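You will see chain A twice below: alongside chain B first, and alongside chain C after that.
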Partner chain A sequence: MDLKPTHQGSATVLSPAGRIDHATADAFQGALQPHVDQCKAGHAPIVLDMHGLDYISSVGLRVLMMAARQVKTQHGRMVISGLTPLVKEVFEISRFNLVFELFEDRRAAIAALGSDG
Partner chain B sequence: MISRPIAAAIRALRAGRGRWVATALLVVACILVAMASHLPVERLRVAWFDTYQKFMPRERNSDPVTIVEVDANALSRFGQWPWPRIRLAELIDRIGGLGALAIGLDMILPEPDQTSPEALMARVGPGNAAVTEALSPLPPYDHVLAATLRRHPVVLGASGFDAAAPSTSAGFRTWPMTSTGGPITSAVRRYPYALASLPRFQAAASGQGLVSADLERGVVRRVPMVSQLGPAYVPAFVLELIRVAIGAPAVELEVVAGAVAALRVGDLRVPTHATGKIWIHFSRPSEQRYVSAVDVLDGTAEPDAFKNKIVIIGLTGMGLMDYKTTSLGDYVPGVEAHAQMIESFFDGRHLVRPSWMPLAEASALGLLGALLIWGVPVLRRHVALGLALATLMSLGAAGFALFRWGGLLFDAALPMIGLSVVFTSLFASALAAADHERRSSERSLRLAREAAARVAGELEAARRIQLGILPSAQTSFPHEDRFDLAAIVEPARAVGGDLYDFFMLDEDRLFLQIADVSGKGIPASLFMAITKVLTKSVALREGLHRDRQPLTQANIEISRDNPEALFVTAFAAILDVRTGHLRYWTAGHDTPYLCDHGIVRQLDRSSSGPPLCVLEDYEYPEQECQLHPGSMLILFTDGVSEAQDAEGALYGKERLHQQLQNLPQACTAHDALKAIQDDVARFVNGAPAADDFTLLILRWSELR
Partner chain C sequence: MKLRFWGTRGSIPIALTAPAIRGKLITALSGAIGRGLDTPEKIAHYVDNDLSFDVRGTFGGHSSCVDLVTTGDEHVIFDLGSGARPLGQAMLDRYGPASPQTYHVFMSHVHWDHIMGFPFFAPVYIPGNRIVIHGCHDVLEAAFRRQQAAPSFPVDFSQLAATIEFDLMVPGKRQRIAGLDVTPKLQRHEGDSYGYRVEANGKCIVYSTDSEHKVDDHEERASFVEFFRDADIVVFDAMYALADAISVKADWGHSSNIVGVELCQAAGVRCLCMYHHEPAYDDERIAAVLQETRRFEEITRSGPPLQIVSAYDGLELTA
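Moving on, here comes the complex of A and B:
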């Protein structure tokens, strides 16, 4: 899965698109992992911009959860932005909005990271 | 079981698809072919050459030779052999008188005539005056014959011997052979002794040559055109006949690089093997060659048979024992071989086997063998067989063609045998390889089937166990009339990660749960089992205290043993079945629908928490809700709301909502479950389920 990484401000912006389900979760995890490994204290934070993501299943959530845990132990920072309505509902039902910092869109996420950093 | 040496041999055959073994065999075969003339296998080669002759006997074009045969008629007419020399002299005189170019005697006259007058006188004794008087004017018969020999162009036959005998000598009169090309170093047939006619005859004859040939198992095939007698080279009888017939001064030896290349008589050139031998190309025997000595002596013979012909006098009477087998397998008088040789010389039909021929044969074998070694392992079986047949046939055809049009003796037999051996070896290893492949694929197929059967069996067992740990809605509360339950789990695979659960905490409180482990299959199913057991034990323990919250404690316990970082969405509730009061906790799970007299809504999830195992120390807030009699609670997992059809479209909560709204007022939990299940089935229309499908439906009834 191509995450089309870009650097905006101090952040690395990753843009998963399409569906993250049983069929694509491994590819998503493989693509995400190198960025997660780099996401340490003092390094660029990650913005997962999900405006192009149509669907995420619980398996995709698990990938996000493991990434969040790793980032947390590395004292890095990873935020999520731009949830589409269906994905937003998944996040609300599963309460992953308690696990991640969510932002309305990419600009808001980068702004928040900038002001915090 | 195959014994170890045989197994090792099979491995060796299969190594490199059998190419190594085949190459080794080919090299050995090439060496054998190149050296066959020194080996017993040469018999196969000459038998092959005989085959050429049998299929293509020499056509008789010219008719230069007439054989005057001392046959059975002549013996019965003129008496026993040897005849008195004057009879032989008369025969020669008659033949000479008919205009023969040369007269050959295929016989040897080493002893004086015992019927000669002086011999008779000596035997009778000097005392018999009458006999002495009658015989003494007569000349000795040997003198008569010698005089006849002197008058006509006669060539005597002589024979070579390897061992001395009473009549043999170390040499005989020869007419000088001239030689071009230097000394001979090749192995010309050498005879230490010879048997020749009386010196008187030798002195009177015009030529003399050897009639000897080494028979090969009784068959005459190769005849030396030049032999060595002591230090001297002597020509063959037939060459001397031709020399005398055409009046050439000498038979010439053509030597090239120490080897005999040919013999020449006048314009005639007879190419030979390096040893000076020729292969005779036989024609079918023909009666036309023969004239009986009786007819000659009676003067009744056709003059055309003698005029300007070479005439050979030979013995054909069966008692005289001079019979030979030809390459054609014909049993003919020995004299016929001489006649046939002269015929073939006049027709220019020479069979040659150049000294490079064995090398050519070995090379042909090497090339075709290499072709097989390349081709057979990679070609399909019948194509490989076709290639092998083609190589064999091309060898055979080349042999016949070279014989027919070149007079070349190309041995196809030994290379064909060599090719067959190489092919057999290759084919055997191909078969061995195919057999091995078949066996190993059969074995792996069997193993795969066994493994699949085992896994299927184990998965089936796991499925039974997993489904078995879930309570049965129909049988759990046989006499309960305050509520009614229906539940189903359909794992997408053999085993799944969804679960539901219900049990009474005490007389009045019913515990309900539905949960979904992130993931599918075996890992999820194991985690599902853990979740089910831990939640139940926590619920039973904590549920006794009305202020405790089962999910908070279950989260702590489940998170403790979770190396795979799986998480579980869950909804748990406790219903007071007397009052309809429902307390519930939500861990990242979609809240159930509540159907309350036509009004369908989802339970409030504003105090929902994250899935179990996401945040270890999360306090799941309690929420509550009051059911009314006849209310129906529908607990579901996303296998229901996100069921997909073949195009990937989602069933969706809107449709689920609609379906619930359409339920009749008085339907049972089981009816509701059936209705939802059927509608989802209609929607997915046979598309394989991507996720586990779980429904738990509770209908709370009025108190009675």
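Moving on, here comes the complex of A and C:
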């Protein structure tokens, strides 16, 4: 899965798109993992810009949970931006809105990361 | 086949508290202001039609116990949590002590909250009754005997008047019991638990509680989709939110509403019954989870609608 990594401001922006479900979760995890490994204290934070994501199932959410836990232990920072209304509902129903910092769009996420140093 | 729920709470029985009842009364009476409810009939209509279930009722607090009403003469029960006490009383009220009955009980496992109702299940004290306890744990009988051994209970197992038998079932092997085809399945839970797929007369009910699902285990997922395949009703352990189930409460042996919907959708199930409610949740919270789960089903639906209900003590569901 191509996450189309770009560097904007101080952050690495990743843009998963389409569906993350049982058919694609392993590919998503494989693509995400190198970036998560680098997301440490003093390194670039990650913005997961999900504006192009149509759906994420439980197995995709688990990938995000594992990534969040690893980033936390590394004292890095990973935030999410641009959730579509439906995916935002999935986050709320699954309580993943309590796991991640969510921003309306990529610009807001990058601004918040920048202002937080 | 009809399921009747006598205990739907997970892990430990709970009771409504005085503050909780006061809160329901305040909500109900506030909603009645200006409605001119000046007769008992108007009040009853208001309660039945204008108040939500979590205000006019309660999901209840008994631990796991469900009975399956069939066309046969023998009774079928899943688990003997504290809900077995009112179930036993209802059986005694209906049949009295002079009409011996046979009860088949299918045990998910023998953790405390699933066996604690047995010493209070009145039919065990009636001579002539036959109680067959089916399960897949080799410690099945020992667990029931130990529960009633001194100093934990005043009546030892050996003093029970009914004839009590134990039947060790084999996971994956279909057995004909009480006119039903019953197939147990191993589930992920500390000490193991077992779900039961019950089929009769073209209908199918699955009882699957105390079962954790690792969402990244594709083989396990596929096996549960087959176990649930085309069921009319799946009674499902939806104790936690997904974020909790796969993080702080991973390996606690329970599942989530999200996974319940995903598995049931994949399996073509007609009705998902959320069960084994978190004891920390009040009625308002469980009702909110039900609404959210229905919404989740709606936005993820790709086939026929999946009906979603939240079990409560007293619920009856017909397959």
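Here is the rule we go by: the second predicted complex is superposed on the first by the 117 of 117 C-alpha atoms of A that agree within 3 Å, B and C clash if a C-alpha of one lies under 4 Å from a C-alpha of the other, contacts with A are read in each partner's own complex, and residues count from 1 in each chain.
Assume contacts are C-beta pairs under 8 Å (C-beta built on N, C-alpha and C of every residue); 3 or more make two chains touch, one makes a residue touch a chain.
As the structure is a prediction and not an experimental result, all values here were calculated from the model.
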So, after the overlay on chain A, do chain B and chain C clash or fit? They clash
In the overlaid three-chain picture, which partner chain does A:S94 touch, first (chain B) or second (chain C), both, or neither?
both
In the overlay, answer first, second, both or neither for which of chain B and chain C A:A31 touches.
neither
Superposed model, chain B segment overlapping chain C, candidates 147-155, 201-209 or 489-497:
489-497
Chain B/chain C common contact set on chain A
22, 57-59, 61-62, 65, 69, 92-96, 98-99
Chain C-facing residues of chain A, complex
22, 25, 55, 57-59, 61-62, 65, 69, 86, 89-90, 92-96, 98-99
Write out the stretch or stretches of chain A touching chain B in their complex.
21-22, 57-59, 61-62, 65-66, 69, 92-96, 98-99
In their complex, what parts of chain C are in touch with chain A?
215-216, 218, 221, 241-244, 246-247, 256-259, 262, 292-293, 295-296, 299-300
Can you list the residues on chain B that touch chain A in the complex?
516, 518-520, 565-567, 569, 586-590, 605, 608-611, 614-615, 618, 638, 642, 690-691
